[in-house]
Amino acid sequence: MYELGVVYRNIARADRQAADRLGAFGSATVHEAMGRLGLLKPCMRPIYAGAQVSGTAVTVLLHPGDNWMLHVAAEQIRGGDIVVAAVTADCTDGYFGDLLATSFKARGARALIIDAGVRDVKTLTEMSFPVWSKAISSKGTIKATVGSVNIPVVCAGALVTPGDVIVADDDGVVCVPASRAAEVAEAAAAREANEGAKRAKLAAGVLGLDMYGMREPLARAGLRYVD
Amino acid sequence: MYELGVVYRNIARADRQAADRLGAFGSATVHEAMGRLGLLKPCMRPIYAGAQVSGTAVTVLLHPGDNWMLHVAAEQIRGGDIVVAAVTADCTDGYFGDLLATSFKARGARALIIDAGVRDVKTLTEMSFPVWSKAISSKGTIKATVGSVNIPVVCAGALVTPGDVIVADDDGVVCVPASRAAEVAEAAAAREANEGAKRAKLAAGVLGLDMYGMREPLARAGLRYVD
Amino acid sequence: MYELGVVYRNIARADRQAADRLGAFGSATVHEAMGRLGLLKPCMRPIYAGAQVSGTAVTVLLHPGDNWMLHVAAEQIRGGDIVVAAVTADCTDGYFGDLLATSFKARGARALIIDAGVRDVKTLTEMSFPVWSKAISSKGTIKATVGSVNIPVVCAGALVTPGDVIVADDDGVVCVPASRAAEVAEAAAAREANEGAKRAKLAAGVLGLDMYGMREPLARAGLRYVD
Amino acid sequence: MYELGVVYRNIARADRQAADRLGAFGSATVHEAMGRLGLLKPCMRPIYAGAQVSGTAVTVLLHPGDNWMLHVAAEQIRGGDIVVAAVTADCTDGYFGDLLATSFKARGARALIIDAGVRDVKTLTEMSFPVWSKAISSKGTIKATVGSVNIPVVCAGALVTPGDVIVADDDGVVCVPASRAAEVAEAAAAREANEGAKRAKLAAGVLGLDMYGMREPLARAGLRYVD
Amino acid sequence: MYELGVVYRNIARADRQAADRLGAFGSATVHEAMGRLGLLKPCMRPIYAGAQVSGTAVTVLLHPGDNWMLHVAAEQIRGGDIVVAAVTADCTDGYFGDLLATSFKARGARALIIDAGVRDVKTLTEMSFPVWSKAISSKGTIKATVGSVNIPVVCAGALVTPGDVIVADDDGVVCVPASRAAEVAEAAAAREANEGAKRAKLAAGVLGLDMYGMREPLARAGLRYVD
Amino acid sequence: MYELGVVYRNIARADRQAADRLGAFGSATVHEAMGRLGLLKPCMRPIYAGAQVSGTAVTVLLHPGDNWMLHVAAEQIRGGDIVVAAVTADCTDGYFGDLLATSFKARGARALIIDAGVRDVKTLTEMSFPVWSKAISSKGTIKATVGSVNIPVVCAGALVTPGDVIVADDDGVVCVPASRAAEVAEAAAAREANEGAKRAKLAAGVLGLDMYGMREPLARAGLRYVD
């Protein structure tokens, strides 16, 4: 967050296999497996329903109303990356549209996460290029001031370091530090392994109160029943 | 709102037939028939379009970031209920996901209305279990502090007493006190009975100004036309 | 904004052909072609995805919680108009539903832009009558106080003069002054003419950095690369 | 919340002594003593710093942009009351100014709590008539639609029943049900009795970790120290 | 709002005497006298309490994060003016600080109204240069893109034409069109003339219900009393 | 942000002299000297006007509605520190009151910066213990879940690493990385050195247009004057 005018070309991307594996779990399971950390604010919404992706972060720091650095970022994208764009002050302008999406996609990007606005959403939907943003806006941007590429950024309240794994779906966006990717994927898998059996029990009418053994701790916490 | 650590097992549910009948009118008609009362704030949005339900309220009071009482509430659900969840302070965490939805559905719940966040929305949509919430968030919750079940709660600005009728659709969520359910259903039916004829006239180009006899009161209120 | 209780019957509508032509470009292209002016705030969202319209503005000034003047406005609609409704103070009530939509449609309106709430959105979607609003709400309104029709209004932060061209789609809503409609349509066409070639290049992997000649100005602005 | 057009003249006010005693503790202590319930949303702010009051609630349900019922409420005020005003939909209009304040004060009201806007704040400050509101706005209101006086209302997210005790200061506004006023005053007194000794210890440099015996439970919860 | 890159040097300022007279009434009285029009959104707050001013508007249209045009506006200020600054998209940056305030004050400006942020508020307070803004922010701005001076602008939801009268105090900010300044000042004076007598009556305990003759219309509107 | 349940006892604090020197410049000058980086969101406001402080950051990561770790943080405070508290999800609860302030002050803390709520603001003001927060709320918090102390945190959108310099005043809060403290203090001093002369010129009526040589670049950017 504290360096302007610099592009880091070489970043340590998280292990590709771990990054891909995390995408299959979805953001809620990954967030739990992380210990309930790494969530971007829930104002970050997908422009269309149903997309579920993961990838390694290429980060960009932008200025309000200025998308110049997105073009600079395009060159740093490798296959399997997700671009994560932060802005130095709150802004809802439409920084990104179908031309940049065409470029990002050609470079191998899987998605854009931007703490600002996006436009051309109908075309982006047709292109199946998913974007999570806090706004949709026709408003275009200028190209006047340099920011940075591949420095640590704060995007929608979460710290994202270049190379971290981003997991995004209809529930939101989670950042997993590169160093923890494999471990979190393990934890997520363990978590999910149990869910099928639980789901079957609950579907059969077993209560969580019994399945999780909650009655005794609830009573100890003072819960009482009145008929 | 003013009692913690208690679960009321026996609540007086609104007349089932009236509750079901209200659902067919939708929230806007019911809200009008109520005298424009009972609306939850419009930040309460459905997780998918097209759901239209009604049911009797089982209420829950939760703490911020703590979904323990949703498990307690599950046991109190009967067929035809809708769970209405309030929180003691503003919170957007994802209190409810596909496992709890499986349990609620197995118990006979028709929907969840929660003044907080929800997650696993893709799965909930596939399950056709509708939720109205003010946020969608991957963020999970803890199970540490007891709240209450089936006490009067304030959910998104509206007072909901256990057993009241909840009507929810794409336009929002309305609460009808149990004691007024039959009367409001009557009023809604009367209101709707007129609408077909009105719609036909308006579709034929008749103006509301004429159909409702507004020209004279508008002139009296001082409206003037300039060519 | 500064006149109450008056309806202007004769307004100078923008050239129909220019108005229609602008719709085909969409709000983002038109906003750029305007010099990045005329955008309504991005809180204005369509009630369903995919609608793209343009038309000439019939304006209405409403009071909070009072939709009386929408009936007055209906009479002033001509084929190809879009009604633009402003309110004298922030309000999210559902001013407009399927009956008024039936009337507006019968009069030839193409859409409603309202800096407040709307209801019956499921029916409006089935009718293919698009509305851009800042809220969806079941809450109805009274008919007690006169406003005005066809005076200049401020709608979602933009000045709209009767007869101006409104362009609205999934990206938002833009207002083009009637006097500039033809010129802006020209500029939008010129802008779009280039886009096909650019898109092809970007899709082939050419970078915007090269295509737009940005490397030199970026270096001049101090951007440096670190390996 | 569910009755329009009615004024209840006889309400059961909380015990005067308990109501007065609660005011001395302030809203934070009372809120703790209540079990962390009864808080109005923190958007409710005083128009000037330093006021600290308590009183028994006279409630009013208003419509957006319409302050008619505040005049009706004035007649129901008795010495020691605080007027609590709710609105059927979000509104920031300035419902209350110096004339109404003069009337309320003459009737014995100690304050106004309004989930909307207020005006003439300079004069109200000079009059030492405190108001807690979510907005300050010059915008006046009409007198067209009846609401109710002395029915249960939801004000800024909290249920307030006529006669409940309201405690308000720079930290916010808390509602104590009339039936619990004496008990909560006791609990607040007990709470405060300990605070002097605690404050002295903390001022002397004793850590809360030691004073409250937190080190062991923190270790049990997994906290570890790294040098 | 629809012209960029232009500075109008000659504007028709409202009658100075009427402009000055309006300031004495304050924003609430003027807003009522206007027929409840012309109010800027209540998010516009003074940086310090107690300032009450009026003056003729010099308008500026700015871009997000760019305060270049404030320097251009300074040259157009004459004694008795108030600068009204709008931005083409939402922005909270601190566009204005003590240096610009020194310049504006030296040119004869009485205040700044800005739909964005301001900084150096401690110094501005010491200088007694009042500012109404929607934010306070340390964040500085660039000087890269031209806007306009003395074109009609939308500031915080209100249309302000150069030369209009601005009235601002602790209750908010109101814009009076230049052509209506004298008439509105008359209406405000008439309004205020009555207030002394009313205030005395209300202070003596007379109810607004009786003083305004509201009992009969309330009964007609259906209000009923329950003992 | 990505480690729970750990307290780092040894942190590298910024140079004390540089930290103290930065405080004298205020947040706006420091933010400019930083290259317009490091600002916390402007929703962070002081609980009373006039405080201006700087210090080295002791950081805390809290959970929503849980202030346990503030007690843990107290032990890590050294004279000249400022505690910076982040929360894992949006929360406005009153995490901090007069008892904790007494403890923090006794340990040598100069201020608290918290991305949540605070209470007992009247007492904190009397104690001259300044707090910058996004809310004031009577609502207390529990002590159930461990967070961390002295890990990098995101507070109100800014990354704060333990030991960084915090500068806070009426304009907001800025974070200066420890490694840049001396350099930024130099830049701020250089900036301020010029301001006296500029201020004198502007006070004498010289325009920024002339003093900064803006007329030529404005003309080049297309600005034109109309009489």
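Order of writing sets the labels: A, B, C, D, E and F. Residues in every chain begin at 1.
Criterion: a contact is a pair of C-beta atoms (placed from the backbone, for glycine too) under 8 Å apart; a residue touches a chain by one contact, two chains touch by 3 or more.
Here the structure is a predicted model, which means the values were calculated and not measured.
Note that among the pairs C-D, B-F or D-F, D-F reproduces the E-F interface, with over half of its contact pairs the same by residue number.
Under half of the residue numbers at the subunit A-subunit C interface are used by both copies of the sequence.
Centroids of subunit A and subunit D (each the mean of its C-alpha atoms) stand 40 Å apart. The centroid of the Cα atoms in subunit A and the matching centroid in subunit F are 28 Å apart. The centroid of the Cα atoms in subunit A and the matching centroid in subunit E are 42 Å apart.
Within subunit D, contacts with two or more other chains are made by residues 36, 39, 88-90, 92, 137, 139, 145.
Across the assembly, chains come into contact as A-B, A-C, A-E, A-F, B-C, B-D, B-F, C-D, C-E, D-E, D-F, E-F. On subunit E, the positions that touch subunit C within their shared complex are 1-2, 4, 34-39, 41, 88-90, 152, 154, 157-159, 177, 180.
Residues 5-10, 68, 71-72, 74-75, 92, 94, 97-100, 102-103, 105-107, 117, 119-122, 125, 135-140, 143, 145-146 of subunit C are the ones that touch subunit B when the two sit in their complex. Every residue of subunit F that touches subunit B in the complex is listed here, in rising order: 63-66, 88-93, 137, 139, 142, 144-145. Within the complex formed with subunit A, the residues of subunit C that make contact are 26-28, 30-32, 36, 39, 42, 45, 49-50, 52, 169-174, 195, 198-199, 202-205, 207-209, 212, 214, 218, 221-227.
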